[in-house]
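The data blocks that follow each hold one structure.
First chain A sits with chain B, and in the next complex the same chain sits with chain C.
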Partner chain A sequence: MDWDVVWESVPLIWKGAGATVSMFAWALVIGTAGALALALMRLSAAKPLQWFAIGFGWLFRGIPLLILLFFAFFALPELGILLSPFLAAILGFSLWTAAYQAEVIRSGIIAVDPGQSEASEALGMTKAHYMRRIIFPQGLRIMVPPFTGNAITLLKQTSLATLVTVPEMALLTQRIFSNNFKFVEPIFVLGMIYLAMTSVLLIVSVAVERAVSLKV
Partner chain B sequence: MEWDWGIVGRTFDLLLLGTRLTLVLFFFSSLLGTVLGLVLALMRMSRFRLARWSSLFYIWVFRGIPVLVILFFAFFVVGRRMGLTSVQAGSLGLGFSAAAYIAEIIRAGIMSVDPGQSEASEALAMTKRHYMRRVILPQSIRVIIPTYMSNSILVLKVTSVAVAIGIVELTGITRQLSNSTTRPIELFTAAAVLYVFLTTVIVVVQEVLERRFALKT
Partner chain C sequence: MNALVQVTGLRKSFGDNEVLKGVDFEVERGEVVAIIGPSGSGKTTILRCINLLERPTGGRVEVDGRVVCEELGDGTMRFAERGDVREIREQVGMVFQRFNLFPHMTALDNITEAPKSVRGMSKEDANARARELLDSVGLGHKADAYPLQLSGGQQQRVAIARALAMEPALMLFDEVTSAVDPELAGEILMVMKRLAQQGMTMLVVTHEMSFAADVADRVLFIDHGVIVEQGQARDVLTAPQNPRTRAFLHAVLDRAPMAEDDESTAGAGEEAGFGGSDLFSERVATDPEAGPDDG
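Coming up: the complex of A and B.
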């Protein structure tokens, strides 16, 4: 491995970090909002809402993320929906995040002792009220570890956006392959940047877990 | 625009060829991932610090890096030096990646077995090697199967990333066909159906295995 090439590659690849991080952030925000809606639909009394949430999860967790991205990128234009590569990627990542995080939120909510809901009802609280003030805060503690686990997976998967031509870090790395015929060095740099990013997320997740844990 | 679902029928042989390659990648990466994952899990619980640390380091690196980057390394660096085909390099990369996740699944399964079982085995003068194989591992299988199988679904889906190193598996062949026929909607839907079919097969196998290894009472 040639260290000069390593140092030359760092700024070239780092230029894509902005795209990587913004795809991650947008998909996490949009996907989590969708996941919350799906989890509540799944737990609602209305059958059609339940079926929709189940179908959504089955579909988007059963299909490889790459197929979702290709569908958004190649197939949607045929339907008259022309998205930029960046938006197509965010759409695919958001659907993926919504499907996976919905399961996390739902299992967190149902893990809370049903006695809590019963007690809240006995105190005359409305469902909306006690879900927000009693159930959700307790479920949060259970949701945090799998939620951050999925978030780390999402960050790594933004690398797939290279296949729909988003100029993120993996695409810029491939550009070095074809321009300079160097492989080991740019792959090493790319790997180290991702490892640093996921390690930071890992530390953040431990901090969040500690912040929401029971203080005794 | 007009739908033309006939395109799926006309290209079905090619889609099946891609599916076969997907299954080849899935099989070899699962095999490598399971064997290496078992070794990593045992190293992680070894009494030698060096073994524990190298296992921990491996898992940290391979779970911290996207599988795409691991495939780049397997193909452009390892594959070129060793003269591997893209499918060989792809199986290697996917397998090394899967091992990191499978190691944690096996470790969690082994740790879930009551420590009284090891103590009792030691009291019966069994060696560690002997009771791990005859007492602990068989009991841990029950815990391992569900998580191992849901991980297998991820392993299957992640084989699609191999398209990035030029392997024409199901996703790759679909992309090529959609470019040449300009029928992306029909073809990607067909690919999605095939993937969902394969993941459903894994779910069924999981049910069967869980029943087979369930405690008979």
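Coming up: the complex of A and C.
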């Protein structure tokens, strides 16, 4: 491995970091908001809402993420919806995130001891209140590790946006391939940058886990 | 005035399993009623039907003049509206076998959460009241402790304080000493005894026969979803008429003779060091006539 090429590759690839992080962040925020809504629908008493949430999860967890991106970027324009590569990618990633994180949030909520909601109801609290104050904070402890796992997967999956022409890190890496005919070094650099980013996520997750853990 | 709790023909099925097969009883204001019976007899389900944690499948429940649920002429059930249910629940405190404290909140916050959110009490008032209640259960020094930092007996006393913070007219106790070590049961029973003496209306599902004998005005013996026998606590416990009651009491008391258990119960609270607190400041009278609401 030629270290000079490595150091030359870093700034070229790093130029795509903004796009990578921003796709990740938008999809995580939009997707998680959607996931929360889907989880609550799934747990609601209203059958149509349950069915919608189940159908959503079935569809968007059952189709490869790449096909979601292709659909958003190549198929939607034919239906009259023209999205920029960046927006198409965020749409696909958000749907994916919503579908997966909904399961995480739902399983976190149902893992909380039913005695907690019974005690809340016996005290006369409204469901909206005790979900927010009693159930959700406890479910959070259970949600953090799998939620982080999905977030890390999402971060890595943003490399698929290469295929809908978003100039993120993986696309810029491929440019080095074709311009310089170098492969080992740019692949190494790209891998290291992803590893650094996912490490940050892990550290954040450990800190969050510690913050929401029970005082014993 | 009507009885505080009126239960008529109460039935509850879980699928094909009929747990309550028509239960009738009343609880007068200021009265302490103990429900005893073998496990699986439906004791807990009765309590849970009163505050609608379970939805009865037949019969009628009324609390403080408000209809919790009633069976209509065509056999369908009509339940109180959601808002009314919440108001009824404000009137009915419940203490659970497994405490069900909120583990992510301090003892103080456990107690203040409902008064603040349900009754709109200010934080200052709620905190002040919660500290009084913690003092009264001998846990004034544990306000900032989290549930998992407390013993089972302490957790259950916090749970009692939490229910009392809503100033209920009725308290439901669901085998509240069953999940704690025997030597810690006494401190919970002391709190309940004191509460009874202060005139609280209580419906107590219990396996503590000495407590039932000591504190309850009346005892209901339940078996297989029906009330087999009911009457004055002393009559039912010392001279049961029904053979099933006799067999049950024989089995229970054989393992824990009543007189001895009573001694250890009274001792435990004192040993635990609450001698100076409000609740334990005087020797708890064992004579039910001494209760403030008698006569």
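One rule holds in what follows: the second predicted complex is superposed on the first by the 216 of 216 C-alpha atoms of A that agree within 3 Å, B and C clash if a C-alpha of one lies under 4 Å from a C-alpha of the other, contacts with A are read in each partner's own complex, and residues count from 1 in each chain.
Quick note on the criterion: a residue touches a chain if its C-beta (ideal position, glycine included) is under 8 Å from a C-beta of that chain, and two chains touch if they have at least 3 such contacts.
Since the model is a prediction, treat every value here as computed from it, not as a measurement.
Engineer: In the superposed arrangement, does A:L195 touch chain B (first), chain C (second), both or neither?
Structural biologist: Touch partner of A:L195: chain B, not chain C.
Engineer: For A:Q116, is the partner it touches chain B (first), chain C (second), both, or none of the two (neither)?
Structural biologist: Second partner only, chain C.
Engineer: Considering only touches as defined above, state whether A:N180 meets chain B (first), chain C (second), both or neither.
Structural biologist: neither
Engineer: Should A:Q138 be classified as contacting the first partner (chain B), the second (chain C), both, or neither?
Structural biologist: So A:Q138 only meets chain C here.
Engineer: Give one of first, second, both or neither to describe whether A:S205 is in contact with chain B, with chain C, with both, or with none.
Structural biologist: Neither partner.
Engineer: Touching A:S107, do we find chain B (first), chain C (second), both, or neither?
Structural biologist: In the superposed model, A:S107 contacts neither chain B nor chain C.
Engineer: Give the label of whichever partner, chain B or chain C, reaches more residues of chain A.
Structural biologist: Of chain B and chain C, more residues of chain A lie in contact with B.
Engineer: Can you pull the chain A residues that chain B and chain C both touch?
Structural biologist: Common to the two interfaces on chain A: nothing.
Engineer: In the complex formed with chain A, which residues of chain C make contact?
Structural biologist: Touch list, chain C to chain A: 51, 53, 86-87, 89-90, 92-94, 96, 98, 100-104, 113-114, 117-118, 146, 148-149, 159, 162-163, 166.
Engineer: Could you please specify the touching residues of chain A with respect to chain B in the complex?
Structural biologist: Against chain B, the touching part of chain A is residues 59, 62-67, 70-71, 74-75, 78-79, 156-157, 159-160, 162-163, 170, 173, 177, 183-184, 187, 190-191, 194-195, 198-199, 202.
Engineer: Tell me, which parts of chain A touch chain C in their complex?
Structural biologist: That would be residues 113, 115-116, 118-126, 129, 133-134, 137-138, 212, 214-216 of chain A.
Engineer: Spell out the part of chain B that touches chain A in their complex, as residue ranges.
Structural biologist: 1, 60-61, 63-69, 72-73, 76-77, 80, 157-158, 160-161, 163-164, 171, 174-175, 178-179, 182, 184-185, 188, 191-192, 195-196, 199-200
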